[in-house]
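Two complexes, one shared chain (chain A), two partners (chain B, chain C).
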Partner chain A sequence: MTTCGDVIVVGRGPAGLLFSSLVAQNRGSVILVADAQGSFPLWGGQWDFCNYTDDGEHVLDPYQWWQQHPSAWDEVRDASTWTLRWQHLMTLWQEIGIPVPDRVPKLNRWMVTPLGQLRPTYWVANWHFVMERPGPLVFVDVPGLVDFRAEVVARVYTATTGQMAKTFRLAVPSGWRRDWHALNWAWFLDSKAGQDWLGQALRDQVRAGEEAVVFPQILGVDHCEEVLEVAQRVLGRPVAEVPLPPPAVGGIRIQRRWEYWLRRHGIQLVSARVTAANRHSVTLQDGRALAADAVVLATGGILGGGLEIQPSGSVRNTVTGAVIGTLGDQLLGAVGHRNWDESVPVIGRMIQGWNPDKRGNGGAMNLWTAHVAYQAFIGHTALAREN
Partner chain B sequence: MWQAADACLKCTLCVTQCPVVSVNPDFAGPKALGPEWFRRHQAGTLETMAHVDDCTFCQLCEAACPVDVPVAHLIAAHKEGTIRSWRHRLRDEMLARPHRVAVFARFSTVPTLVRSVGAISQKTPLPRRHRESVGGLGPPLAKSQGRVALFRDCYSAGYDPGLLDMAQALLSLWGFEVVQLPRVASCCGAAAYAAGKPALARKTAESCRRELALGPQVSAWVTLNATCDGTLREEWPRYFGLSLDAPVLPFDEVALSASDEFWRRMHLVSASNVPLITHTTCRGKVARGDGHLTKLARRAGFSRVEPSVAACCGAAGSYAFKVEHEDTAQALAKPLALQSKRVKPQGFMTDSGTCAIHIEHVTQVQTRHPAYWLYRQYQRYLQEGSGQ
Partner chain C sequence: MVVVIGGGCTGLGVAWDLILRGVPVTVVEARELGSGTSGRFHGLLHSGGRYAVTDPVSAKQCRQENEVLRRIAPSAVESVGGYFVSVDDGVESYMRDWIAGTQSAGIPVTEVSVETAIRRLPGLNPRVQRAFAVADAVLKGFELLDLLRVNGERRGVTILTETRVTQVQTVNGQVSGISVRTKDGERRIPCDAVVNAAGPWAGQVAQLFGERVQMELSSGLMLIYSNRMVPSVVNRLAPPGDGDIVVPHGRTVILGTTEVPQVDPEPPEPTRESAEYLQSLGQAMFPEMNRWRILRAFVGVRPLFEGNGVVPQSRVSRDFTVVDHGRQGGLQGAFSVMGGKWTTFRLMGERTADVVVEYLHQSSPSISAHTVLEPDAPREKHSASSTICECERVSEAQLLDQMAEPFDNWRTRTWFAMGPCQGTMCAHRAVSLRMQYTDVEGGLDELTNLRRERERGVRPVAWGTNARELALTEALSCQTLAEGVAHDHLR
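Take a look at the complex of A and B:
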């Protein structure tokens, strides 16, 4: 028995979810196969455009950078195409219920890291703290969170920017335990009891002033808008968050909302490992086969399970089984395939030439590769119809 | 022990997907209770951690793990070491053998005193037997598709025999010859494993396997309950050392491949514009994924279908029946209650009988298996005049 769909997407990280959404928005049917959760819960969900030059300097105008530094392909120079793609992400996220502003930014903005340093970023949800230029801030210390020490953050922030930084310490609710991590706090604050408690705890902290109040990212999961509302109302000023290391609450919020939206749109999520793929079908580890008009691999890099390091140091594609290089080579040269007709298209982290770790362009990589594959997919279907 | 048992990278993906962590602040979570406990255990520390029994064995942690750590199964092994009171031990021994309990299905109530002595929740309703008379649906719509076995799970056999007959009627309509197996009450072993009794689980499953071998040769095993589905297809080979000689397929996947004529007829039925919420059980999500029920309901002509917002409803087999779990079970179901208030569905469609009881209890909305909804819709087609 074979299940059929317009397209099979392998991998449910950001690239797979975006590509599936593009198909679903255009009434195509998607089977999304994945062996494990994608990377969203491991990071804050900020989509970077281009943060660093080759020399590691901060990039302020990513549009200009792309125009001046064409990397793999000519098209990426075109600022208007980039704008359209970011705008698509904006309307998509609004439809999904991930709160974002009504306009895409022209420039990178600054975010504060959990260590109090500044770094550029581009596309973030409204809960995520960003600023156009540094100003005075208040950082909130949350008991038990080893990844965010407000005193340290404030000290580093002031040293880096010359701006004032104050701190205050949140009380603890009854039932709190020393081993609570950010997600425990967030689940607690999602509840009505949690929100009531937060309102009360913040009332004791209200002081005159206008500086934005910056929390570590703990302000609820599914109900974070309500939690932020409580904090903003009581404190009488803007409140936003700094994303923390995993489990990363911002990414979890996005993953949950996005996957739910896809399910509402009728996509089928298959939980299985893919052991072979060609242009029209995939084979699952248990021997089942799935068929479709097209297959797209969004299987991530080494961390996502799409690539596997063998004990010998060689790097293997987990779907095709092909050894594509060894660690230490000018890595993974042959991984990216863009041409629909030649092979199974690859999107997201598995594609070569982006280097998000060095350049800070992970979000742009997902956005661009998903759109390119989608354009190829519609071109391909149109061609198939003509024939 | 198993491959990858010691492979944990500490990435925390499992923690982010665990439903119990989200509602129960005492629960240390899959990473701490599974792989981290296991490493200490291997190093000779035999202590168990508090609240390990609060794990529902939904396996969503395991499904999230990028390196295939058998997180939930490690937690099941962890549960084995827990010291429990005699009342809990007695109750757990009983609930780990659901096929024996189901024999008493005709006694529809359990007295309060028995519940209280047996540490059974007073708040959670216990299963009641559905009584429905089920007829055939007419001649097959497709040429013969071969013989399949419909897995007679302990819950359906005891509490919902009509559902088995509805599923059989539909499968026959789609062209299958159907045998219901096993003939005597048996259990796949899932309940015992979830309760932290892997050895009992294996024994139970082996006896079930022997019963299944008494039946005729079949081309597939069709399951109604998502937990049995995952257990037979994935856990039997991996954790029980058992195998079946034909593929195991969930009923709804078989339904999706029914002939076009069947779906055409379903669409002729009037009054299908009723809101329906589809809830794939946690074990269903792990065993095969999500979205199948929504697709099925829409294909059957229900035009206002919405997927459930809950990852796990909290029923988890007999979990919600245990008094110490009733708060967690209620908290897990709360998003469903809120969704139900908002959507005002006419029904819920779900792939497990115990989840259905729980969802029905928290939402007060009729909750049944896809086979029920399909059967009823097709019956309507027959009643409304099949000449179209």
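Take a look at the complex of A and C:
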């Protein structure tokens, strides 16, 4: 058996990368094992804190909501702990090179969906369109992009908010094909030629006005700041994006930057499927075994593949094989652990009342569980060293 | 003029047979064509083998109609062939009866070696003892309904959908017309005769005639798997029971079925327990079936009828019955056709029309067994159009072609949202295309309804990969698209 590292993290979604970063920032060593791409490409990149009440009403002040509601941990009600953790994420992302403002938001803000409806959100990168209150907007129609029909988005937005919404249609560059989806556009706009073309195409659209211009999320992958800069300069007003269904460019941007940063900090990424795990070791599908001071599973819920539903309805941890319960009539996104009592710590998955689909608290869930696991991990390591 | 109540295969079959004899017909359907049992079956065009022992009349009808449908509707029949395989111990005496039964019904059967069966049917239980090839085929139900609609309308059949019959009018004990309710209000349609072809709703429609008919409804669960795992129909050679048919259908296979007595003509919701039970039975034929990627479950209601009162459910014949209510001392010019199977819909139409034309004092014979149902001219291919549904390759242009249709028809005519992702990635695209032509609120409601309709069939079989797919649907729908969230307070 290879003895290595301080910790083995299984899974490369947001919880896995955040936990790995916490260990790496404190000079621990991490082996990050994942067999697939993780959940980042599924999401536009927003981290939700708490969007909705039990009754589906939107939450304006998520700090207040958490203070007023009991949870698995008393600590969760403490606004200052939340603030510290969001501030940590802010400085971490800034170091990684994911652009975020210098202050964490106090309140939820509104984002626009690909159907022109509004939903609250809390934590987003600067490219992501959010607003404190609805105002007049311009939506950009991108030819061939069936996930975002600007005309419909504008109509729904106006019907929803009573605000004016205009649209304009982007031209197409040479070499464009009708089957280009968001990523094709984004890779094209990453190039110098793409940015030059965009500048020219937008120059024809410049009109008087101050409304923000909202694009579907296509404005580059690795060079999105440059693409946004071109658009903002030519249009002379704020430009931001609406995230689209997967493959979502925003999540891909974040994952690429974050994993690059982790590699630079000496984290080893192993591409393999984990077939068994206990507190101190994992077995890979090819027969290798890895050992460490600790193992943390960030393998996701049912969608991520960390949990599996059997025909009988029983829910099984796909790595440890433990049966953790039976499916009721809840949303599948809410299937998780009643308590944090598994043999191997699990992060980034539902625990007692967290419900990313219904409550909109998926970002908070990742943030909180990664920090709790990290505290437990350093406590455990300190104890081991004392002994 | 004759009014036919019910726009399933039976009603359209009656209308087709009548119009071919020169009798003017109006079909009145409360919902959409095929929205009852006709749109909810496993797709098997029976060779007759299934009923060779228990139901010789149906066996023979199936054998004959199988040949007729291949002739008159070749575009709606896929000649995949079928097998009866014996995987159980202790069925030797049934097998002897079955072979004798197929012979007396004239059903061609060829025994194949076990090795051949295993080679032709990948994944077949290696414990198979004997295997017999039969002429089972696949009936593409929605296509055949569409053929009946197109050909019927071409010859003058009037089809009224979303039209509910509220009353039957009489003069001197004879039918003189019906009243219908549509979304535009009530109106009256004069007619000389009314045919009740309402499938599981036949009992309710008969009440409009002042008649009471005893339906013996039963529901059957079916499971759809997302790949064509077997190339031919496979039947378990044992007394007909649950979970004993596997039918390849397009790029999927369907496992059928169960038989649960019920009173309500509306199909019950499929349940996880019954789906797990059905799959475990299917594993007797294909032991690895629990590893196949399941897609969804659906339930159909068999409109069976036992004129002589209550008999044990499993023994209700798949044969059909035509009742001339006038001859039984009831309303003159009122007829009901009950029971039967998709496979025998044309024969049901013919026999019903025989009785109706006699009542109308006409003598023209049925020619539906010899009249080919001609498909519409194939539509142009739209290569310069974006793809909306990637699973089923449905383009924007195809959806625009059918835009005038009600939402559910729009889906079944184009087949969007019917593939492995069940609309996860395309439902909002299709709806947003539609919203360019409809009002905003209506479009968002349709999206909610579509999600709900798809989930009903997916959730009972949410296990393995399919559960991940449903979790993705829920996450996209709740988070990325924030569907169903009210924002009135923002205005």
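The working rule: the second predicted complex is superposed on the first by the 364 of 387 C-alpha atoms of A that agree within 3 Å, B and C clash if a C-alpha of one lies under 4 Å from a C-alpha of the other, contacts with A are read in each partner's own complex, and residues count from 1 in each chain.
Quick note on the criterion: a residue touches a chain if its C-beta (ideal position, glycine included) is under 8 Å from a C-beta of that chain, and two chains touch if they have at least 3 such contacts.
Computed from a predicted model, the values in this text were never measured in an experiment.
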{"item": "Chain C versus chain B on the shared chain A, clash or fit after superposition", "value": "fit"}
{"item": "Touched partner set for A:G28, first chain B, second chain C, both or neither", "value": "neither"}
{"item": "Touched partner set for A:V156, first chain B, second chain C, both or neither", "value": "second"}
{"item": "Partner chain(s) touched by A:G194 [first = chain B, second = chain C, both, neither]", "value": "neither"}
{"item": "Dominant toucher of chain A (residue count), chain B or chain C", "value": "C"}
{"item": "First, second, both or neither for A:L115, with chain B first and chain C second", "value": "second"}
{"item": "Touching partner for A:L42 - first (chain B), second (chain C), both, neither", "value": "both"}
{"item": "Touching partner for A:G306 - first (chain B), second (chain C), both, neither", "value": "neither"}
{"item": "First, second, both or neither for A:G16, with chain B first and chain C second", "value": "neither"}
{"item": "First (chain B), second (chain C), both or neither touched by A:G220", "value": "neither"}
{"item": "Superposition-derived angle with apex at the Cα centre of chain A and sides reaching chain B and chain C, degrees in steps of 10", "value": "90"}
{"item": "Shortest CA-CA distance between chain B and chain C [superposed frame, angstrom]", "value": "6"}
{"item": "Chain A residues contacted in one complex by chain B, in the other by chain C", "value": "42, 179, 246, 303, 305"}
{"item": "Sites on chain A touched by chain C in the complex", "value": "42-44, 48, 52, 56, 58, 113-115, 117-119, 134, 144, 146-147, 149, 151-152, 155-156, 159-162, 178-179, 243-246, 248, 301-303, 305, 308-313, 327, 331-333, 356-358, 360, 362"}
{"item": "Residue numbers on chain A that touch chain B, as the complex places them", "value": "1, 3, 33, 35-37, 41-42, 175-177, 179-180, 183-184, 187-188, 190, 221-222, 246-247, 252, 260, 262-264, 266-272, 286-288, 303-305"}
{"item": "Touching residues (chain side chain C, partner chain A) in the complex", "value": "272, 275-276, 279, 290, 384-388, 396, 425, 428-429, 431-433, 435-436, 440-441, 443-444, 447, 461-464, 467-468, 470-472, 474-476, 478-483, 485-487, 490-491"}
{"item": "Complex interface listing, chain B residues touching chain A", "value": "11-13, 15-17, 21-23, 25, 28, 63-68, 233-234, 247, 249, 253-254, 256-257, 285-292, 294-295, 298, 306-307, 309, 335"}
